[in-house]
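By letter and in written order, the chains are A, B, C and D; residue numbering begins at 1 in each of them.
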Amino acid sequence: MSRHAVLLLSCRDRPGIVAAVAGFVTDIGGNIVEAEQHTDPQDGMFFQRVQFTVDHLQVDEDGVLEAFTPVADRFGMEVQLRFTDWQPRTAVLASKPPHCLADVLARAYTGELALDIGLVVSNHDDHAGLADAFKVPFHFVPVVDGDRGAQEAEVDALLRADGAELVVLARYMLILSPWFVDRWAGRIINIHHSFLPAFVGASPYRQAHDRGVKIIGATAHYVTAGLDQGPIIEQDVTRVSHRDDVATLARRGRDLEVTVLGRALRAHLEHRILVWGNRTIVFG
Amino acid sequence: MSRHAVLLLSCRDRPGIVAAVAGFVTDIGGNIVEAEQHTDPQDGMFFQRVQFTVDHLQVDEDGVLEAFTPVADRFGMEVQLRFTDWQPRTAVLASKPPHCLADVLARAYTGELALDIGLVVSNHDDHAGLADAFKVPFHFVPVVDGDRGAQEAEVDALLRADGAELVVLARYMLILSPWFVDRWAGRIINIHHSFLPAFVGASPYRQAHDRGVKIIGATAHYVTAGLDQGPIIEQDVTRVSHRDDVATLARRGRDLEVTVLGRALRAHLEHRILVWGNRTIVFG
Amino acid sequence: MSRHAVLLLSCRDRPGIVAAVAGFVTDIGGNIVEAEQHTDPQDGMFFQRVQFTVDHLQVDEDGVLEAFTPVADRFGMEVQLRFTDWQPRTAVLASKPPHCLADVLARAYTGELALDIGLVVSNHDDHAGLADAFKVPFHFVPVVDGDRGAQEAEVDALLRADGAELVVLARYMLILSPWFVDRWAGRIINIHHSFLPAFVGASPYRQAHDRGVKIIGATAHYVTAGLDQGPIIEQDVTRVSHRDDVATLARRGRDLEVTVLGRALRAHLEHRILVWGNRTIVFG
Amino acid sequence: MSRHAVLLLSCRDRPGIVAAVAGFVTDIGGNIVEAEQHTDPQDGMFFQRVQFTVDHLQVDEDGVLEAFTPVADRFGMEVQLRFTDWQPRTAVLASKPPHCLADVLARAYTGELALDIGLVVSNHDDHAGLADAFKVPFHFVPVVDGDRGAQEAEVDALLRADGAELVVLARYMLILSPWFVDRWAGRIINIHHSFLPAFVGASPYRQAHDRGVKIIGATAHYVTAGLDQGPIIEQDVTRVSHRDDVATLARRGRDLEVTVLGRALRAHLEHRILVWGNRTIVFG
């Protein structure tokens, strides 16, 4: 696959944006290979993802953003520029359940997900073998004497030391403090084992069983200060029945969780996501 | 299709129930054509649906329940006996949106659903033409001067006068009083336009849009005193995206609503549902 | 909803198309409210759907295509211009099964689908009552003495007399001749009761049962000379099991058929479909 | 989870079977915890899965089948008796694509699937590292000088030497000879990367792309002599669009393949499957 540039844009909607952006790409010698836009008439906003070739650019790659400044200024745009070969340094945090961790490690190993996993961190010591199998350093950081703050500070230090650009909560069951969420804002993706906003918090499969739902789900979202309240990236569901007890719901759910987390990570890695308020635009 | 009998049974679980029920059917000259059972180990309960032939029964159909009494007594069973050619006298209640009403009327007309629809009742006068098209009497029962009680009493009187055995809330937007729900307990099926328990109450598509979910749903349930809290019979979902505004969510949802309501009605008509607490067992 | 114009474009891919089209719309005083493009790198093709406002156009609506000619010529484009308030004169053809016919009639009646249904044609006389309920003229055109050609000629004459712009095969079981398909090319939409290309031709539910599939489907497609070979517009599926005999598969399938046909018709009515070879681009 | 016994039964349908089987279990001191039956009226066949407790059996576990002989003989039953703690010695065969192999290995490692994987065999040498990560012996058995027979004989010898009870084709792209299929009949499960019977054979994602389908699927089935013709155990699908080129279809499909293969393996491990002709009964 060729290397491309990706512009992610948002601004108030007005006539002429699409023409200006397309003109810019043509002017610098790029060819648009994918472009998708979204207009939110209710909020009066415009969002766009433009992917274009870079092999015949007439500006340095480092100069693209600067060259774009006149367009951005004209429309008051928020702009992100990224390239398609990005492979972020990644930390995976997991508690007891191994399935999401095992899946993320295996997909990074086979190249299915472009993750450069630098470390696995867990508040349990169960996963050393799994991390080791994939030759990823494992850090056991338990909560000692109930001191959640110390544990979190240690996790943060490990992530910073490793240069993490992305933090994957692969069924990490400790709630993160606002300061931690703040520091890693927009870079933490969590998988929650319910179809949010149903069944926030603990034991969602138990909650689902008690409510007698006929379908269960999983939700991947960016983490914000509100528990399970962050912008949803991806969800999926599967049918269940009265025959499924809580353990069976959990087992069926595990298939969903790995699939949904994988899709969300891919969208993030491919720069397909714009966050607007508490919602996401995920370009196809 | 041949006419069959259906036994719906529930009792505390103990050894020997299946053998006793199967023996009973064999003894009275029936042949079991479908049998499904469910054991809830958590609650220690046993549930069963047994469908059997009646053309060579050695007892009168009216005598089946009596003949079954020794088995029922031995295990402390709750028992319902029904026959597969049941076609309940049905009232359909609908407010402004016509799609569920139109669908239920059309499916009763083509024989897809074994409903004997005696009347359509609405608090708006929009649907007279639709009811008339299918030659079903239409009753416009508006709320006058805010007197919800009077309106509800009139609806109740209409239903009783017509001998309704089943009440379908086909997007009926007035909340029913406890006394009404009580009187028609187990015989009112509602379609709610969300994936319950997410988005209870008014404007669920608006709520879904604001939360930024990636999937929307519809839920058919028996009506109980708690708003949108009754035992869920059937749910289904469909994928949506950031491109879908509230109106588009509502449109996509309409397809779901008619499908989910139709499946729930069919399960009810085929005596496939047992209610246990706030959950349903829906036999396949 | 405001009235908009829709340009559907296709041409060989080259740099500058998006900029040129966006520039054109801005130049004539339109504002793009939706734009989606698709590049097929394998075939080297570019496809686009551009929806724009028309209330402040600086050219007559009739003059838009002419004004666009320079752009179209420069890129060698195939161009279609349509407006969003299009409500095509429609003929519905149906054989014995009533469910798709009933659904299309009901959705046109409630405004769910912007169809102006001029007539219903059937080779059986079962549906006169249904058409009459919705006040649509019904034509019973049977095959007499095995003369399929005469029957087809009569159907064609009826459609032409009524000015049909769209022909919906709502479970019409007679295979159309090449001359008929040719005359109505791009304007006939069929619903086939299988997940094509599996189970082409007669009795697909029987075929599905005999193969023991765990999922069944329905497919809406434009009709071409090859039986069930035309460009697929929409498909959907539902889970089935060993418990489902052929009749049950057919019943479950009916829900799918109406939903899939409805979605395909909507995409057609909203000018979202471009046909390329034997495939469709269906813009979101 | 307690250890249970599972009886899988099939015979011609006649009155009294359910009563006789239930009576038998009660008589030997078992308690039925799950029972599901299926009657195929078209073929006149009866199938049943009965799971029962064994902790208070009044016969030896080894004697259960013999004790059941009178019932089996009376109805002419085919009978299989198994126990729920079965963990079959398993061989995984894989060609180049690693995702199904990695998933099966990971799920066996985490205990998600009760597989005792004795060896991995591949006609490519790419997967030694992956097998090694999970500490499973890896055997590279390439086709040398086009001699497929020799390669197959070597694979067979490895499987027999290891005592394999189950052979998982985790995207193994060599077609097995009839003698091999015969020897391992009922014990080979394959994952095919299409929604069978559509797109049999090579490059199904290419075929799907060229046909322009809107949904792709994956199918797990028992392997028989006819290529991709064996009894289907499980299928699932996912929605695709015109934007998805062949590589993207393949990527989306990989998620399906691992999920579908996992579900099929679980059903096999839990003794939920009866094969009848070319179809399966998969008890819930």
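As a working rule, a residue touches a chain if its C-beta (ideal position, glycine included) is under 8 Å from a C-beta of that chain, and two chains touch if they have at least 3 such contacts.
Just so it is clear, the structure is predicted and the values come from calculations on it, not from any experiment.
Of all the chains, the one whose CA centre sits at the greatest distance from that of chain C is D.
Which listed pair repeats B-C comes down to matching contact pairs by residue number; over half match for A-D among B-D, A-D or A-C. Comparing chain pairs C-D and A-D, the larger number of C-beta contacts belongs to C-D. With centres set at the average Cα position, the gap from chain A to chain D is 35 Å.
With each centre defined as the average position of its C-alpha atoms, the distance from chain C to chain D rounds to 41 Å.
Of all residues in chain A, those that touch two or more other chains are 41, 241, 243, 284. Those residues of chain B that touch chain A in the shared complex are 38, 41-42, 195-199, 210-215, 217, 231-237, 241-243, 245, 278-282. Across the complex, chain D is touched by residues 98-99, 102-103, 106-107, 109-110, 112, 130, 133-134, 241, 243, 251, 254-255, 259, 262-263, 284 of chain A. Interface residues of chain B facing chain D in the complex, by the touch rule stated above, are 14-16, 18-19, 22-23, 25-26, 30-37, 39, 41, 239, 284.
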